[in-house]
Amino acid sequence: MSLIKTLNSQDEFVGFYLIKELEIKQTNSTPAKDYLDIVLCDATGQLPAKYWDASTTDKETFFPMGLVRVQGLVQTYREKLQIKIIKIRKATDDDGVFLTDFIRSAPIRPVDLIYTIKQAMDSIQDKEMHTIVSFCVKKVEERLMHYPAAKTHHHAYFAGLAYHMVRMLELGDFICKQRPFLNPDLLTAGIILHDIAKPEEMTAQLGIVSEYSVHGKLLGHISMASNWITEAAILSNIDLNSDRVLALQHMVLSHHNSGEWGSPVQPQIPEAIALHHIDTIDAKLQMVEDALDTTPEAENWTQSIRGLENKAIYRMKL
Amino acid sequence: MSLIKTLNSQDEFVGFYLIKELEIKQTNSTPAKDYLDIVLCDATGQLPAKYWDASTTDKETFFPMGLVRVQGLVQTYREKLQIKIIKIRKATDDDGVFLTDFIRSAPIRPVDLIYTIKQAMDSIQDKEMHTIVSFCVKKVEERLMHYPAAKTHHHAYFAGLAYHMVRMLELGDFICKQRPFLNPDLLTAGIILHDIAKPEEMTAQLGIVSEYSVHGKLLGHISMASNWITEAAILSNIDLNSDRVLALQHMVLSHHNSGEWGSPVQPQIPEAIALHHIDTIDAKLQMVEDALDTTPEAENWTQSIRGLENKAIYRMKL
Amino acid sequence: MSLIKTLNSQDEFVGFYLIKELEIKQTNSTPAKDYLDIVLCDATGQLPAKYWDASTTDKETFFPMGLVRVQGLVQTYREKLQIKIIKIRKATDDDGVFLTDFIRSAPIRPVDLIYTIKQAMDSIQDKEMHTIVSFCVKKVEERLMHYPAAKTHHHAYFAGLAYHMVRMLELGDFICKQRPFLNPDLLTAGIILHDIAKPEEMTAQLGIVSEYSVHGKLLGHISMASNWITEAAILSNIDLNSDRVLALQHMVLSHHNSGEWGSPVQPQIPEAIALHHIDTIDAKLQMVEDALDTTPEAENWTQSIRGLENKAIYRMKL
Amino acid sequence: MSLIKTLNSQDEFVGFYLIKELEIKQTNSTPAKDYLDIVLCDATGQLPAKYWDASTTDKETFFPMGLVRVQGLVQTYREKLQIKIIKIRKATDDDGVFLTDFIRSAPIRPVDLIYTIKQAMDSIQDKEMHTIVSFCVKKVEERLMHYPAAKTHHHAYFAGLAYHMVRMLELGDFICKQRPFLNPDLLTAGIILHDIAKPEEMTAQLGIVSEYSVHGKLLGHISMASNWITEAAILSNIDLNSDRVLALQHMVLSHHNSGEWGSPVQPQIPEAIALHHIDTIDAKLQMVEDALDTTPEAENWTQSIRGLENKAIYRMKL
Amino acid sequence: MSLIKTLNSQDEFVGFYLIKELEIKQTNSTPAKDYLDIVLCDATGQLPAKYWDASTTDKETFFPMGLVRVQGLVQTYREKLQIKIIKIRKATDDDGVFLTDFIRSAPIRPVDLIYTIKQAMDSIQDKEMHTIVSFCVKKVEERLMHYPAAKTHHHAYFAGLAYHMVRMLELGDFICKQRPFLNPDLLTAGIILHDIAKPEEMTAQLGIVSEYSVHGKLLGHISMASNWITEAAILSNIDLNSDRVLALQHMVLSHHNSGEWGSPVQPQIPEAIALHHIDTIDAKLQMVEDALDTTPEAENWTQSIRGLENKAIYRMKL
Amino acid sequence: MSLIKTLNSQDEFVGFYLIKELEIKQTNSTPAKDYLDIVLCDATGQLPAKYWDASTTDKETFFPMGLVRVQGLVQTYREKLQIKIIKIRKATDDDGVFLTDFIRSAPIRPVDLIYTIKQAMDSIQDKEMHTIVSFCVKKVEERLMHYPAAKTHHHAYFAGLAYHMVRMLELGDFICKQRPFLNPDLLTAGIILHDIAKPEEMTAQLGIVSEYSVHGKLLGHISMASNWITEAAILSNIDLNSDRVLALQHMVLSHHNSGEWGSPVQPQIPEAIALHHIDTIDAKLQMVEDALDTTPEAENWTQSIRGLENKAIYRMKL
């Protein structure tokens, strides 16, 4: 097996990979010929690949998110590696390969992430808050097992959303100890709820977001979560005007901090201030970690990162 | 009766007025003496007034929003008119004066405004939209009779909110005729719902906003209205995922156009674009009208207006 | 006849079309061969087309804005339709086809638009304003029959400028009735004059802007129109310091509302506020309408629109 | 004679001064008494002054811009010097004092400034440019003898506008020698014309701007100057479409560099780029010089200066 | 002893307080009389106070930062409490009161804060980094015992700077454990150095900043600290081009994240990203804590806080 | 010899050129073939060139910054000129051609620029300032002979940095005469030091910047120069707290004027204000000159220039 990360120019190789993207294109020659323009990936990285002279059968056989066995040659095109596919076939049950082995994912097993989130949820003493949080978690519990936290920004991989929550819960716990004026119930609830509607905002498979849903574009995950809290309260007979409902909705609505970033109100209670900054520090450090992980060891600079003022990160050797 | 608008420097006068603001202050003299620092108003305008040497009884007798009979003298202080109160007493039932005669209000009777709004509401053919709009209107119907549309920005007077709606409904009607691709039901519903939660965002009496409510600050009228739509749908057995619910929530959430102005999403359906601009043009022209109305005839320039790029408006004589 | 809008992949067809754009390009093969890279359009839409192996005669025969008869085949290239031209010849008089049948244009006949604009102009009671408006309209009257209102932004088609004026005149009329403090003469004059210099700011043919003129870039249509008003006043013996000249120049100079958008002064008279917002609402709604019209029925989202906060518009089915 | 600059706390003094500002105010005492709240100045600076217990005659005798003889006492109020006026009377012809001796003014005599400007004007070889510049200079020649360049920003004193022009002409001359691709005629003309309409934008007396004119607010000096160039061309039979007219109008319209600062177009010819930066450097350095001149020797920091990023300037001793 | 926090309107009281601010003012009466306008504070809060009819001796006796014994009366002026001073004298040694008992200070003893900082410093394994950090700490060690972290923004009290460092060190420690790719030496060094030059940027006494120094204004604490690192390296024979010097200077220079906030470069190494966000979260939460601490228990809203988007914080009761 | 500037479409030619850029690419044909995608330049301009069917030897023979003899044919590709290389070989010593003849460079000989800079340096009377400036100049003296002032922005050619300094020194000299309150020593020192660290911020060869250095990205030339001044002072026994050191560091740190442009502090002494604006005017006018020089005579508009508000410059014929 040849892992993507280990391939070098001029290597001939055989291996199993996931087709992450696939487009049928035409050459510029006359007459034009069809070829498959593919992105192959495994858990260690991804590379562009070309399958020249694709037959009609080929075009009907290969699709994104399919596992394939490839015999190929690594070439250099415009200073970047690219695979020329010599042979390609779909993987079969007999090959004993599994989709989940070919994608990037959180470093902790989804089942453990969910367990931790549920424990945190059950640590909430306030009964009404616990009820509302449970209601919302139940809506997405299954998807929490695999949804990423974003399309590209940060934690963009299998179970990235749950992983982001868990890290934030750890930080929240620590900060509540540093600063006793913070209400741990409210902060815990806010951390669990703040991105809870993301699985309905985006369509994702195997940790890869393909697009935003219509609801996602027209309402946004922030307002959706606010609506869910309303729904939870009504269906659980909790007074819509109670301070708990108010506090939870405020936490969710304000967590992007400013209108420019999509929050209709700014944080105005201590826990909302804490939530915003815990979210930020975890997202930013994860962007750094993800960028370092996906930059070849030999390179000192990552690519520039939109969420970090468009700066590249330098790998200092100290 | 001496209307505020007609008072000139050195006039001695008697009249009934509303105490719009009242503060007990101390003079700088030693020992300091208490006096009442008052703003008197009637429907034609307002003036500052001082009642020197206020007794303990005085301080317990006079309050904001009370009607009083005043005998006074008009003086000039720092180039502006100011009333020196000579005698003051509370108005009694025998005086035959009514609060509503002393405040600025919409040029159309509240009862007629409500009638027009309800007619527009009943013109909505779509049953689900009609149900949701009715539910929300019912929540605030009583307050629509008198609430202003804003604290100071525009339509800041008795029934200003309903008046703003009615004018927008007229414009919306006209524009739907100009542009048949717009859905009149949706635009009508959007106009009625866009500011529907303002009476819970602000605390107002007689068309004068005293402060924002806690809910108003922590959620904002935009998210509150979105929650009401959720509530309406649940209680009326309308599918929360229906396109109608989606469209109405999008109209409300996007009507401030940008995050900077408090909308968590931007308008992305034709009627939402229309709603935002109808709201804008009506508010801006009302600011102009209000500024011209409250600027003395003799002056060519109004004060500068925050909502109009901080510009003053010039009264051109053509 | 095969209308552009009705062509599907793999169709073979014959039809007359307008060459909207044409570039001679070389293939990447060695030796490189010349081919014609063309955009064909008719009034229903446009498609890219390739004419491979163009001869020297071909390169001297075909030009942008020429009508041609094409025999072609519809292919799919990068998920978009593209025409492979099999045969192409110039249209002749005998073909009985006319340029104006092949371009997008306002939904009202130019002659009717001009008639409406002139009627509005003649409704101006103030003699000096009428004189100035007439002078400026005369400068561009012929071009008003076909000029677009912008290069791409909105109303970018045959007679789009006149159509924009007519719609604004309707709205202006309605708003003057809603708000009697507005001077209808001044608003009407402002609507007619605000974009009157656009035909000298841009070079356009058949409703398609090819480029901005040197005067357009160095002065801009706003200052040009201001200069025309000065010119009109001098040549008609109107006092340059009269309030009418001042008001008309202010209307034109301020109609983009802020310096950021090219207005050297901000609106400071009621009619200038109205003019800016009438211009805005008509332009924005036209952007929506144009985007919906040029998006295939089968698609729910238009492309993103620069003038609408870079948002795409969703075609909601209610 | 006691110059303002030399007065210290507790000084008793007599001298002639100009009343720069005067307001009749009332004390807070009961009953309130009238007093005169005055700003006294001479060419070396200015100080606030109070004349307590002003009689009716006093109130009708003293006005802004009048010369007075004052006997006074210097006090400290809120850590700043303030004059308590003991005696005050209007200056008479016999006193032999002249208004112009009491105001800040350019360090070069107005007559010499005008002479230099006219020489520069006459150095313009291009006949049409010379004609247009002459026409515009003639419009304001008299006012150039005394107008300031701005209300407060920079060169806000007697003949400040002409002084600003002269300094810019010197710099322009030097830079044309450094960079021969610049057209000296065009740069000279642009320097003379760029602020030429300021005397109609602002109302000023003795180098002190009291307010902006209606034309100034509704059109701005930039568009006014552009209109003057149109007027000059028409009345001198110069083709309105000539490149000279275009170039001069572009210089004037673009000299504030960006829409944010009031220019409807950005500089797009070399001389316009030069003009903007020569204007900037002269204005900024003059702000520094003015701030240093009006800051007491004993203080190291000037007040903060709006035009210099709101920074104060430090007087370094090297 | 009457603590500031416990005083209510109409209370007569005696107690020791610190004069935080003192200005000699004049009454508006004629003739004007001098009085002392004072701010009295103790560790529980502060109140304005007036001492009417101040004698010449009084004016020479009382100064800011002096301890006094006051007999007074609490009044309400413009809805706020204010002290009328009846008797006042300087505190003497016999009174047994100490300055440090009267000021707000960090909740941990300075000596313990310094001990913790030094322990963190000594945990730095890298010898060169340890040397540079030691050098810089030595420069300000004495002042670290009492300096605040800012003038008003956050941690504006006795030993606030050291307290801020200690809290950040705790957080840094925790985050290094969460994310092993971070270099703990570098992050610890960065936390200690990032604000190390603040004691030379500001002049402070008893935790209260009176002004910025000339060096502070002209260089800023960020560039000063960068210069100190250069100095430390030269004097300790560390190669100026070493990666350690580079990394430490980058940490300091980039910690405000953007040019807008005074950082000449943006964070581009993982530890610099972490430093910025640890600094931010600690400062923001401290602003919340400080605001809550200084807001009377009876009030639900703090004053609006500049560093928190100008929002007030709501004290939610859950 | 055929100069780049003189080549026209269809010309066959032979000449020596510098390879400015070279990339090995593959054609889209199957199988793909390698070709060399080259940018050829001489001192008069540059053109893209293709060398089809490159052999393995070719790929190992030709590199950027190499001189070559080319026989070629000028073609038009996408409306732009492009060279088809027929024969190519490396230049040899016998060819008698020199690298420096093939690059853009300052219009004054480097040796003369350095001489002028040193003369200016030696005109500095203040001994400490002279010492510090000398120290810093010595660090980069050799590189000043050839370094450009920027990567692309302005003065991006051989010795551009020294040329920029010389022009600024001339302007500084003139302005010190106009405004005697400026200290010529300090302004001269500031001009020489402001960009002195650029040769360590960027890696350049023959006046062409290939990339920013790690120090350049993590510290920036502004902070590096500030550190050099510290270094100079320590090694020359100048008091680090002296006003000279402070003034020079302030000049350097503030010369980009605002945080947005990389200055951690804003100019707060007169000479720093002057420095910033002299730097700006020289850079902007050089951008104009460079753009005009590299735009073919036949074209009226240059390309749009990032540093000039993204505007193109028009070549007016007057």
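Some notes on this structure:
The first chain written gets the first letter, and so on, giving A, B, C, D, E and F; residue counts start at 1 in each chain.
Just so we're on the same page, contacts are C-beta pairs under 8 Å (C-beta built on N, C-alpha and C of every residue); 3 or more make two chains touch, one makes a residue touch a chain.
Going by UniProt, the chains are A, B, C, D, E, F = HD domain-containing protein.
Note that the structure is a prediction, hence the values are computed from the model and not measured.
Centroid distances built from C-alpha atoms place C farthest away from chain E (HD domain-containing protein).
Between the interfaces E-F and D-E, more contacting C-beta pairs are found at E-F.
In terms of their C-alpha centroids, the spacing between chain B (HD domain-containing protein) and chain D (HD domain-containing protein) amounts to 44 Å. Look at where the CA atoms of chain A (HD domain-containing protein) average out and do the same for chain E (HD domain-containing protein): the two points lie 41 Å apart.
With touch defined as above, residues shared between interfaces to two or more other chains in chain E (HD domain-containing protein) number as follows: 28-29, 214, 217-218, 246-247, 258, 268-269, 314. Interfaces, counted as pairs of touching chains, are A-B, A-C, A-E, A-F, B-C, B-D, B-E, C-D, C-F, D-E, D-F, E-F. Residue ranges of chain B (HD domain-containing protein) in contact with chain C (HD domain-containing protein), taken from their complex: 126, 167, 170-171, 174-175, 178-179, 181, 183, 185-186, 243-244, 246-247, 257-258, 266-270, 273-274, 277-278, 280-281, 284-285, 288-289, 292, 308-309, 311-314, 316-318. Across the interface of their complex, chain F (HD domain-containing protein) is touched by residues 214-215, 217-220, 222-223, 226-227, 230-231, 234-235, 240-241, 246-247, 249-250, 253, 258-265, 268-269 of chain E (HD domain-containing protein). By the touch criterion given at the top, residues 23, 25-26, 28-30, 214, 217-218 of chain C (HD domain-containing protein) touch chain F (HD domain-containing protein) in their complex.
Chain C (HD domain-containing protein) contributes residues 27-29, 33, 52-53, 75, 77-79, 300, 314 to its touches with chain A (HD domain-containing protein) in the complex.
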